[in-house]
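Sharing a structure, written as structure tokens. Questions coming.
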């Protein structure tokens, strides 16, 4: 069965979400991944949205992380502080984030391109990203991979990955045991090397070479000793994604 | 007052958010069926030596069934967060369950008078006290619910209450103001009686929440008793009514009249006659022992206690709560 | 019209409560005073109870400050933190407190009689008293006056009055401009001298002499230069008190 | 990162609780009739240079009528708490009303794209930015609502966001953990759209509260717009539903469709087409000027704006919100 790159990324991301765990998602691909996970291996995945929605039965894809879909038939419609308090308290397992730039430690920039005090482009800023990456146990990213995005140094460190490497998060005061977990790109699946806290490719997607990945990356990647090939989306994953999660094809597109 | 004089008391619970995070991480977010009996919940979730926190407000929306069961199962060496602990405290004192207490309000039953056994627990030295205030304990729950090790406040300053607390005096980094740093309070076990819950533990409360929203989030383990079990769908119809979400909860028990002899908003008023019996029986040790045999040790569970009280009296309390005048002595069914 | 001492104290206390202001009360005499004030000069006096009730239309006297009467047809049934937050924020004008002992600075003891670590009598402790006296703008007391209660030094300083005198509250970090306001006893009405922060008798009740007051006080009282006689309860105050506020005579008694 | 490197940004609002206390003391607790028009409320309560905070969440339950009126009355030099400021931000940017902003999320409209005029406000240097996060701003409101000068948190640590914030790095007095001390944020004026309010300002909200409970308490002055005015008695029937009590509120305005083109839970979904028009019109200055004349400056008040949109479209948004499928193109009345 044919599939496109977005379908692959969403399916792969969904597989990382364990049942009985909680995830704060935004709109778009992360929400689709969480919805797919609920319909495949993780029926009791608790989905949360940063504006205050807990455990909705999503009737459609939300457009805003604060719109009424995000708590439609949820079990709790609370406040942003409710969500953030639970994150800070340790009750939230996963979050999905993205940014205009990311470095080898998973640090993200969504604030400015260019110098902060005279920006070439002003971007939205942290929003809840810095909070979620600081406080949730594991941060995932779903992102296109290219050299504009995967940079040697971010112009502005909006949201913490592993900062400058081993021990840096803890030294800064960030909760122990947290940090970037997986980066799912259109080319490969990247984890983080425990010793160095640097990005390490774990699997490449079907048809993608190591050289393709390196060409799309502005810093030196580590590679898992036994590099796998990404398991493509199963027919069941594709069916659920297309028929139940995103029948309007807002996220996965029509191709 | 120097920082050294302030906060000489013992800190009974660690305010470290890292240990608490590990604990909260380990709890499942599954929509599991957590329905059980009070006996089983107390057996499984409360150990000798645990530090406990009781919801409601002393004689209002209290989890009486859990408190009776703690006494019946003979738990010892418990610590207590004494945030307006009145009838709840005297039940635990009757079972000699406690050995330490963060005191905001204890031994009294508000205007009803003092509990002799509660006083004796402290005056004998059996229960170690550290002094706080109601707001301080409420805010300590909030710090824990927020996952921060402390929260600053402008209470207890300049007083012996502050000296005998385990707070710390700090200077505000912005204004220089002296502040009391209140350490996060993570109880080992919280117990709360609510109006409605589903089998997963999503809870609704009518009327005041007192400190239960924050306490439920602060507790490492949480036992819910509810007047009424409702279908999960009822929770999902009004998600802004949920005060406690299921993933905080370890056990759900359906206990009608569960706050008796305390007040339950919209359900039944407090039974002042029975509370007076409790206080008066304490005047004499033998009489009190007989009283406890009758009302606490005798009944095999809370429903048996309620049955002993009888429906006529319970209906009278319902009419009192609902301000229904029946033109004289309320009649039975 | 005849009246008893409690009726007098409640009526006098009610007169100190200005309209459009807020007060945190307990059960008993303070609640009766606030209810009387609402029905006489201060219809828009906002009554609050520390467990979370705001602005009830009280159907009867509450028995507990957390019972359902305290928010019966109120406009907000919140939490204890709601009440305390508003107090700390400066939105609460008055509170009523009492204690087993009080000194000339209005410091209160409701914790122990005897030494703290080996008490002769263990009392309830602060409850919300320390909070309310620290945070509300003006603290009032309604109390019997005798030497057991009005003592040179409290055994335990549970709840702050003016501590050791001028400037002491501010030095301790308590909010500026707060402190004890009036003490209404069965003998007289006491205010606080601005210069010394000490109790100063402002009016004695009808039939009470200066010597009576001094005999009932364990410390030196200051006296207002123009000592007034307390205005007795008016017939209207007594009618409202007996017929509307406390028809069951739980507070004001039957004599 | 050393404490000196952290928090180099300007603090736009004083976190001093003493000044705030004096202000809150001066507000009346009377159950006064505060009903007024949006025009009058903005005229009376918002001055040039004020620091404002907007309720809801960017394109959800926002007080659009107040924002339009601020632009129409030509307020300048305002400061803004940019706590997920999306459509609200671009309205203020269209009027060139701002000169400083505590940024958590600005210039974007979430997945809808970036606002060109909002970007330009920053890139031109006209609006001074200090960086924060959504949680940081939410918790700063909470500190102000609690009357404390700061609240500690575990966010912004180790990042440029922290460096460019005006938080301070402190050590926990209990655990030694490095913490970000977030200064209390007391906006001069808050503005919140709610589902129901009485004429005194007691407010109910359906669905998520976002940060409005705390923001309402933090604001020195507060303007409420509501979908529907209700009798005070309706508030008193369910006092646990009150999110904002009257004594926080300075003006109440009844504004049906008041969150349009934003979403209002249970009432109407966001008008994505109109929001797209807003974004697309910004591509060209002349076109945008004409667009603003048509939708913002032209209509004399919010009801005229809503009339311009037309009932057919509003009913369509209601059906969308309520998930009512009409088997094709939704029909008009």
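Worth a mention:
All chains are identified by letter, namely A, B, C and D, in their written order; residue positions are counted from 1 within each chain.
Just so it is clear, a residue touches a chain if its C-beta (ideal position, glycine included) is under 8 Å from a C-beta of that chain, and two chains touch if they have at least 3 such contacts.
Keep in mind that this is a model prediction, so the values were computed, not measured.
Any chain that touches chain A and also touches chain D is listed here: B.
Counting steps between touching chains, the shortest path from chain A to chain C takes 2.
Each chain gets one centre point, the mean of its Cα atoms, and the points for chain A and chain B are 40 Å apart.
With centres defined as mean CA coordinates, chain D is found 37 Å away from chain B.
Per-chain Cα centroids separate chain B from chain C by 28 Å.
Counting partners per residue, chain B has 17-18, 139, 146-148, 153-154, 177, 179, 207-209, 239-240 as the residues that reach two or more other chains.
Within chain C, contacts with two or more other chains are made by residues 71, 77-78, 87-88, 135, 175. Judged by the touch criterion defined above, the protein chains form a pattern that is neither an open path, a ring nor a star, and not fully connected either. Pairwise, the chains that touch each other are A-B, A-D, B-C, B-D, C-D.
The part of chain B that touches chain A in the complex is made up of residues 17-18, 20-25, 27-32, 144-148, 200, 202, 217, 232, 235-237, 239-240, 242, 245-247. By the touch rule above, chain C contacts chain B in their complex via residues 26-28, 50-53, 59-60, 63-68, 70-71, 77-81, 84, 87-88, 107, 111, 116, 118-131, 134-135, 156-160, 163, 168-169, 171-175. Looking at the complex, you find that chain D touches chain A at residues 1, 56-61, 82, 84, 86, 103-108, 110-112, 114, 119, 122-123, 125, 129, 131-136, 138-139, 142, 153-161, 164, 177-180, 207-214, 263, 265-266, 269-270, 272, 321, 323.
Within the complex formed with chain B, the residues of chain D that make contact are 11, 15-18, 139, 146-154, 168, 170, 172-175, 177, 179, 181, 183, 205-209, 239-240. Against chain B, the residues of chain A that register as touching in their complex are 19-22, 44-46, 54-55, 57, 71, 73-78, 85-91, 93, 135, 137, 175-177.
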